[in-house]
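Below you'll find the structures, each written out as C-alpha cells.
You will see two complexes here that share chain A, one where it goes with chain B and one where it goes with chain C.
Then we have the complex of A and B:
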C-alpha cells in the first residue's frame, strides 16, 4: 500500500485534521464507555448492599397476645402487694385515715385525697420536687398523668348540645377540676383549648346557655376523668340543660376502642387519662373522625406519710421503689432513717392508681425480671403438658422441678434413652425469657415493610395498620439484633434467630480447616520442593489440581453425599467412636461429612495459593540452609515454611471464606432443614448460615425475606472480618519481603 | 577446594561423621516425603472419586431399564414420576441462563478489563480492583437473594408482571452474569497485561490513538487469553447453583422464553437432594446422571480454556 501513493488514500490538509479530530472523539467516547462498565460493576455492588439493608430494617405491625408491660406490671404489683406490713384498700378515705393515725406509715393515692386530709398527712417531695400546681403542670413532678377529653369537629357541628357542653366544660374546668382534687390546666392551655373548639365550630362559638339545648350527650372512657365529667354534667343540668348527659366508665383504652374503631359510634366525648396513641388516632381518621384533643387538667399521685413523721420529707425515685417493696424497716431504704418497720397503705389490686404508680415508678423491661419470676410467668401461661415437655428438653432448676413430679422424672431419666433434660445444665435467664416471649407474649408481626417505604411513607403505613389491625402497634424493627443472633432457629419468624446456624458454620469451618490445611500445604510442599516435574505422574497431579479448581461446587456435594454420607457412614455418623446419641442419629449427614466435603472443595485452592507462596521464597535461602548441612526437611521446616507462612495463611483464609459462603454442596450433603438445638460436636446434625439464608429466601412471606436479609448481613460481616485479616497478613508479608 | 587456613581439628572429625551419616538411610525424611506425596495424591483420589461416584450411580440409573441413553439425551420432558427422563429441558435452561449471563458479563467484563489495563491510572486501579474482588467474594446465595428480591421485581416493573414470571431464567441469568464479571475482567486483564509494551509503543509510533491501539493491536494480541477467560466464565456459569436454585424456579420446563421459570441442571440437583431423598431410588440415581453430564460439560470447557492459554503462551516465547 505504501508504494501506491494517492490523494484519495491519504487525506491532506484540513481533511487530515478533521480525521484526527474524529478519531480522538471516537477514542474519548469509547473511553467513557469502558469506564461506564466499571462504574456499573460498582453500582451493582452498592445496589446489592442497599437492597440487603433495605430489607433488614423497617416498620412492622406488631401485636402481642399478652403485652410484656402487662406482665411486668403484674410482677411489680405482686411485689408491692406481698411486701411486709402492707394493707390494701379500695377506699382512699380509709388509707388516708390509717396513715394519719400511724407515725410509721406511708402510702400513696390521688393528690385529691391528700388535700382533703392535709392536717394529718405530709406529702413527700420526690427528688426535691413537691407536688403543686406548678410542678405538676410543667411535668417536673414525676407522678403525674395528663387528663383530656376528646371529640371531633363533626360531632361539635352536628350536635349543638355537645358543642355547648364542651364549651361549658372549658369555661368551668378550673373550678370543677380543682373541686374534684386534680390540677386544672394552666390558663394558657385552657385558652388554647377554647380556641381549638372555637375554630372547629362553624358558628365560631360564643357564650353558652345550657338551657337553650336538649338531647343526649354520651361521654365514655377513663375512670380517672369520670368524676370531673360527672360533676360537670350535674352543673350543666343544674344550669338548665333539658337533655341527658350519660357518663360511662370503661377505661381510657375502652373509650377509644368505642370511639375510634367502631364503624358507627354513639360516643360524643372520650374521657382520657393519657394522650391518644398514634394508632388510635389513625383508626379514628380512617372512619373520618379527626379527634380534637382538649387538655382539661392533670392528675397527680401523692406519696404520703403521717404528719408527725419527722425523719422523712424527701425521697429519690430509687428510694421510692425500695420504700414499697421487699424492705422491712425504714433504715433499709435510707440509713439515716430509723430502724422501725414500715407500715404500708396502698390501693388494692384492681385500682388504676396502683397500675399508674407501678408503671411510673417501676419502669423495667421483661427481660430484666428475675429468673424465678420469668419461670413463674411461664408456668402460669402454659399447660402442664407443654411445661413437662420443656422441662424434659432442659430443666429450669438444677435441684427442683417445676412441672414434672420427682417420681415420674426419676422414672423417665432411668429409661434407656433419657431425654436431654436429665443431663443438660438448667436453662439460663435468656433462654427462659425467650420461652416467655414465645409462649406467653407471642409477638406476631402481622405485616412488615422495607426500610425505604418505612422512611418515606410512614404516615400511610401507620394509617393502614390502624385500619387493618386495630390492636397492633407500629414499631421500627432492626431485624438484626441481639435476640436474632442469640436465639436458635424457630418456625415462628418473630423469635427466630441464627445461633444454631452460626455455631454450625463455625463447627463446619473448623473441620474444613483441620482437614484441608495440613493436606493442602503438604501437597504444595511436595509439588514445589520434592516433585520431579519431568515425571509424568507429578505433571498429572498438577494438571489435576488445576482442573479440580474448576469443578462446580455442587459436584463436590454429590461426592460428599456418596462417599462421606453413605459409604463412610459408620465413620462420619460417629458410630465407630460410639459417639452416636441414640434417637438423634444423623445417618452420616453430620458436621464431619460437611466439613470434609468443603475440605475437598477448597483443597485445590489452598494447594495453588500455597504453591505460589512457597515458590516466592528465594532459592538462596534453601541453598544456604542445605549448604550448612541441613536436611531437606529441616530446610523446608525451618526456612521455607516460616517465610511462606503469611502467604499460605492469606490463601487459606480466603479459601475458608469461600467455604463459609458455600451453600449448594451442603444442601446436597444434607444439612438439616430445621434444627433448634446447638451442634455439640462433629457428629451432630447441622445447619449453616448460607443454608439458613437459602431456606428463608425460598419462603414466600416477606417476613422471611427480612430475616434472610439480616442473616446475610451477619454472613457478610463474618466474611469481611476474614478477608480483612487476609489483607492485613498480605500487607505485612509484602512489607517484610521488600 | 583447598583452604589456606587449616581447619580446626574438631571440624575435621565431624566431617568424618558426616560421611557416615550420609550413608545411613534417612528414614524420617522418607516418611516425610512419603506423606507429602500422599497429600499431593489426595487430589488425584478426589478426581477419581468424583468420576467413580458419578459413573457408578449414573450406570445404575441407565441400567434400571427406565431410560435409555438416547431417551436421556433427546427427551424433552423430565418427569421422574411418569418415567420421563429427557435431560434436554434442564440442559436448555442451563444454556439459557449461561447465555444470558455471558451477554451481561462478556461486554461489561471485557470493557472493565480494557479500562483497567489500558486507561486507568495506577491509583484508580488500586482502588477499583479490591471492589471487583469484593464482588467476586460475595457468596452466591446472597446473589440469589439479590436476584429474587431485586432483579426480578425490577424486570417485572419494567416489562410488566404479565410478561415476567416471579421465577424466570432472565433474572437468574443477569445476576449470574454480574457474578462472573469479576472473573472475566480479572482474567482478561491478565491477558491484556501480558501483551508486551513494545506492541503498544509501536502502535503509538505509527500515530494510532489509544483506542485504536487497544482495540486493533492489544486486543487481538491477547485474544486467546481473553477467549480462555470467556470459556472459564461459561464453565462457571454452567456450574452456578444457588442463584438459579433461588431465582430460576422449580420444575423442569422446556421453554425458550427467558421470562418463564425453568429449572437448570444444578437447580434440579439441589432441589431433589434437598428433600428427603431415599438412596437407591431412581430419583437419587438420576441426579448423578445429571451431575455426570454437568461434570463433563465443565471439564471440557476448563480443558478447552487451558489449551487456548497454552497456545497463547507460545506466541511470545
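Then we have the complex of A and C:
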C-alpha cells in the first residue's frame, strides 16, 4: 500500500468495504420501496379491472313473455306450410301413401313410417349419411332426437311395481323400441341404465316377474315416447301384471312440469324426447326428487321420395331447406334435377314432428328473420293503437302503411306540426328487431348474479331459480353485447343500451378537440415564440394559465353554465343559426355548450404542454432556419411545430382522456340523465358515458350495476382506442421527422 | 470566376462588408466596444481572440442574428452593399438571405439530405432545377460523392463532419454574398476539421468568408486576413490588431497579439 498523504482521513482496510456496503444498502432499501409501490399500483389496477369484469358478466334468470325460438319456429313453419304444392296431414299413413304414389313427391316423417312403407319409398341420405342404427346412435345423421324415461330412486324403492316395470322396460327395450320403429339404445347404454337402476334399488334388482306385482303406474310426457311406453305396458300386462299402467301424452315439457314443479305428483315415469334441462333438474331436486335418466333409444326423421324417383338420393342441409320452402321446381333446388314441380307432403301444424324438423333444419336467430316477418310478428302482438303510435314515430315501409289507414295518415301529416314519422326514413332491421324484443318477447331479468358467484356457485343459483321462478331460464349474460352498444337508453334494463351516451360522448369530445386544440396550440405558439417575457402583462397571463390548470372541474361547470348555457344561449342553442326545431329546444344545454366547457377545462393543460414541447425544440434549429433567410413564421411552421408536435400530441391525448371521463362540469352544464334519442348535431340535447354510468350506479337494483359495469368497459375501450390512435399517429410522425 | 484578390485591409477598394464604430450591448452590459473592421471580398478573414472577447457576437452582428436575443442592441453601422443593414427600412430576412451562416454545432434539419439542401432555396423562391441545385451545392460542399446514393436519408444520419458540410451546402444553395462561420470545426475530429478547412479554401473563390476560430493553427493555415480581438477590464471586446494573416503571425504590431499567438495568454 502506498501511503498517500491525507488517506487516513478516509476509512481504512476492512472499513472501506463496510462503508461501501452501507451505501449499497441504502440504495437497496429505496429500490425495494419503489418496487413495493409498483406492485401495489399494479394490484390496485388489477382489482379494479376484475371488479368491473365481475359486474359485466354473469348468470341471469331470464323470463320471456314469448320465447324467441317459438317466434322463429312459427315463422319457419309458416314458410313450410305456404310453400307451393304442399299437402299437410296429421296422418303419417296418408303421407306415406301419397308420396308412394307420386314420383315427383317428397316429404318427411318418423323413420318408423318409412320402414313400414319401404317398398314404395326411398329415404334420402343427408350430406351422404343414411339413417341407420349406427349413424343415428352416434349422432352423425342430423335429424335425430334422443328418447328417455325419467324416474327417481325414491319412487323405485317405495313402489315395487314401478321398479318392476322399469326393469322390464329395459329388458324388453330393444325389441319394443324397434317394433315401434325407433332405433333402440345400444347394448352398452342399456347395460349402464340397468346398472343405474340396480344401484338405486335397495333390493339390488334381479329378475322380474310382472305377475308378482299389482297397483297403478302413471307414465306421462312426450307423445313421441308414448307408443314405446304404451306397447311396453301392454306387454307388461300380458305377462301377468295385475294392476294398471296409465300412459298420458302431455308433451315432454308438460311431463316435467307435472313431475318436477308440482308440490305433490302422482307421475312415476316421465317420457321425454329430449334430456332434462338443468332448471327442471334443479326443480325436481328441490322437491327431493332426484331424477334418474334412462336412455331407451333414438327417434329419427326420414326425408323420403317416391321409390321410382331416380334423380335424387342425397341432399345437403342447404338443399333440404330449399326443398321444402319457396322453390317450385326440383331444378330450382339443384340444377341437376328435372324442372318438374315438387309436391310436398308434410305433417300438419300441430304435429311435434313438424316442430322437430323445423327446429333442426331451420335453426335461425330471431334477429336474422327477414324484415317483413319481424314486422308481421310485431303487428300480430301489439294493439292497433300502439302500432299507430309506433308508425307515427317512424314508418315501417316507405310506401305502405301497416297500422294506419292512408286517409288518416294524410290528415295527420297535413297538420301544422306533423309527427316525425311523416318525414323520417323508415325503420331498419335492427330497429324493428328491438321493437319485437321490447313488445313481444319482453325479456325480463328476474335476478342477476355477478361473474364470480356465477362461476363458483352455478348449481346453487340454478336451484334457486328453479325454486323461485318456475318459468325462467338461466342464461349466461355478457352485459357487453351488440344490442347493449346499439340500443338507445331505456328505463327497462333488459333492453337498455348506451348508443345515446356513446354518440353523446363522441360529439362532445369532437367539439372539445376542435375548440381547444387549435386555440391551445395557437396560444402556446404566441407565448413561446412571439410574446416578450420581460413584459409584465405576458408574465401575468402565463401565471394565470398555470393556475387555471389546477382549478377544480366543477368551477368550469359553473362557468359553462353562466357563459355558454345562459349568456350565449342564442348561440349555443343554435337559435341564431335557425337550427332549433320547435318544441325540442335544449335551451343552451347542448352538446356545443358541453364541448366548449370541457374545451375550457383542458385548454390550460394543452397550452402548458404545448409550451413545454415548443421550448424543447433546440434553438439551433431556429437559428439554422433563420440563417437561411426564412421568416419567423416559416421557421415556426416548418421547423418548430413539426418538432414540437409529438410532445403537443402527448399533452393533448392526456387532456382528451381527462375530458372524456369528466362528469361534474357536465352535470352542472345540464347533460340529460335520461334521454333516448340520438344527438343529431351540436345543438342537440345529450348525455355522455360517465353520466350514464353515474346514473346507473345510483340505482338500487343490481341489474343497473351490471349495466354500469358494461358501460365502464365501453368507456375504457373508447378511451384506449382514442389513445392508441393518437399514439400511433404521433409515432408515425416522430419517425418521419427522423 | 474572379481570381483571388490578396488586397490588404488598407485597400481603398469596395469592401464586402464593413463595421463602423460598432458597440454591442446585452442590456446594460457592453459586450463589444468600438469595433471597426473592413472585409475584403472573396477572401477568408479569421476572427481570433480569447474566450468571451465577443468575436462570436461581432460575427453574428453581420447578419443580424443578435436580433434574436431580445435584450441585445447595438450602436454603429454595418455597411453592406452601400447600406447600413441596421437601418430601419432593412429587413433582417433579406440580410440573412444574402449573408449566410454556418454554426458551431452542425444543425441539419430533421429532414432528408435532399430537403435539407433545398429547403432554404425553396422558401427564397428558387425557380431553377432543384436536382441540379442540390447536386451542385453538395459538390461545392465536397459531400456529393458520399451522399449521392442516399439523398432521401435523414440528414441526421450523417457523421458530424458530413453534417457540417451539409450545413455548408445548405448555406451556399441560396447563393449568399458572404458566409459567416462560427467555429465551424470546433465540434469535429481532426480529419473532419481538415476537410472543412480545405472546403473553405475552395469556397473562397466564390464567397467572402468570415470565420471565428479558437484554433490558432487553423487561422494561420486557412485565412488570408486575421483580426485579433481582446477583452478590456470591463470585459468588453475590442479590436486589437487586424491585418494579413502572415503579418499577424510573423510580425505582430501589438504586444498583446504576440502574447496571444505565442500562447502566453488566452
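Rule of thumb we're sticking to: the second predicted complex is superposed on the first by the 664 of 738 C-alpha atoms of A that agree within 3 Å, B and C clash if a C-alpha of one lies under 4 Å from a C-alpha of the other, contacts with A are read in each partner's own complex, and residues count from 1 in each chain.
Everything that follows uses one rule, which is that a residue touches a chain if its C-beta (ideal position, glycine included) is under 8 Å from a C-beta of that chain, and two chains touch if they have at least 3 such contacts.
Note that the structure is a prediction, hence the values are computed from the model and not measured.
In the overlay built on the shared chain, the residue A:621 is in contact with chain C alone; chain B does not reach it.
In the superposition on chain A, contact of A:639 is made with chain C only, not with chain B. More chain A residues lie in contact with B than with the other chain of the pair chain B and chain C.
Using the contact criterion defined above for the overlaid structures, shared-chain residue A:42 touches chain B, although it does not reach chain C.
In the superposition on chain A, A:13 makes contact with neither chain B nor chain C. Residue contacts after overlaying the shared chain place A:532 against chain C, while chain B stays out of touching range.
Of the two partner chains, neither chain B nor chain C is touched by A:425.
In the superposition on chain A, A:603 contacts chain B only, with no contact to chain C.
In the superposed pair of complexes, A:631 makes contact with chain B and with chain C alike.
Counting contacts by the rule stated earlier, residues 629, 631 of chain A appear in both its interface with chain B and its interface with chain C. Across the complex, chain A is touched by residues 18, 26, 28-29, 32-33, 35-44, 46-47, 49-50, 53-54, 57, 107-112, 114-116, 119, 128, 131-132, 134-135, 137-146, 148-150, 178, 181-182, 185, 209-212, 215, 232, 235-236, 238-242, 245-246, 266, 269-270, 273-274, 279, 287-288, 291, 294-295, 298-299, 301-303, 306 of chain B. Taken together, the chain A residues at the contact with chain B in this complex read 23-24, 26-27, 30-31, 33-38, 40-42, 44-45, 47-48, 51-52, 55, 518-520, 522-523, 525-527, 530-531, 538, 540-541, 544-548, 550-559, 561-563, 566, 600, 603-604, 607, 629, 631-633, 654, 657-658, 660-664, 667-668, 670, 673, 690, 693-694, 697-698, 705, 708-709, 712, 715-716, 719, 723. Residues of chain C touching chain A in their complex: 63, 65, 68, 70-71, 93-94, 96-98, 100-101, 103, 105, 107-111, 119-120, 123-124, 154-157, 167, 170-171, 174. Chain A meets chain C in the complex at residues 532-534, 618, 620-631, 634, 638-639, 642-643, 737-738.
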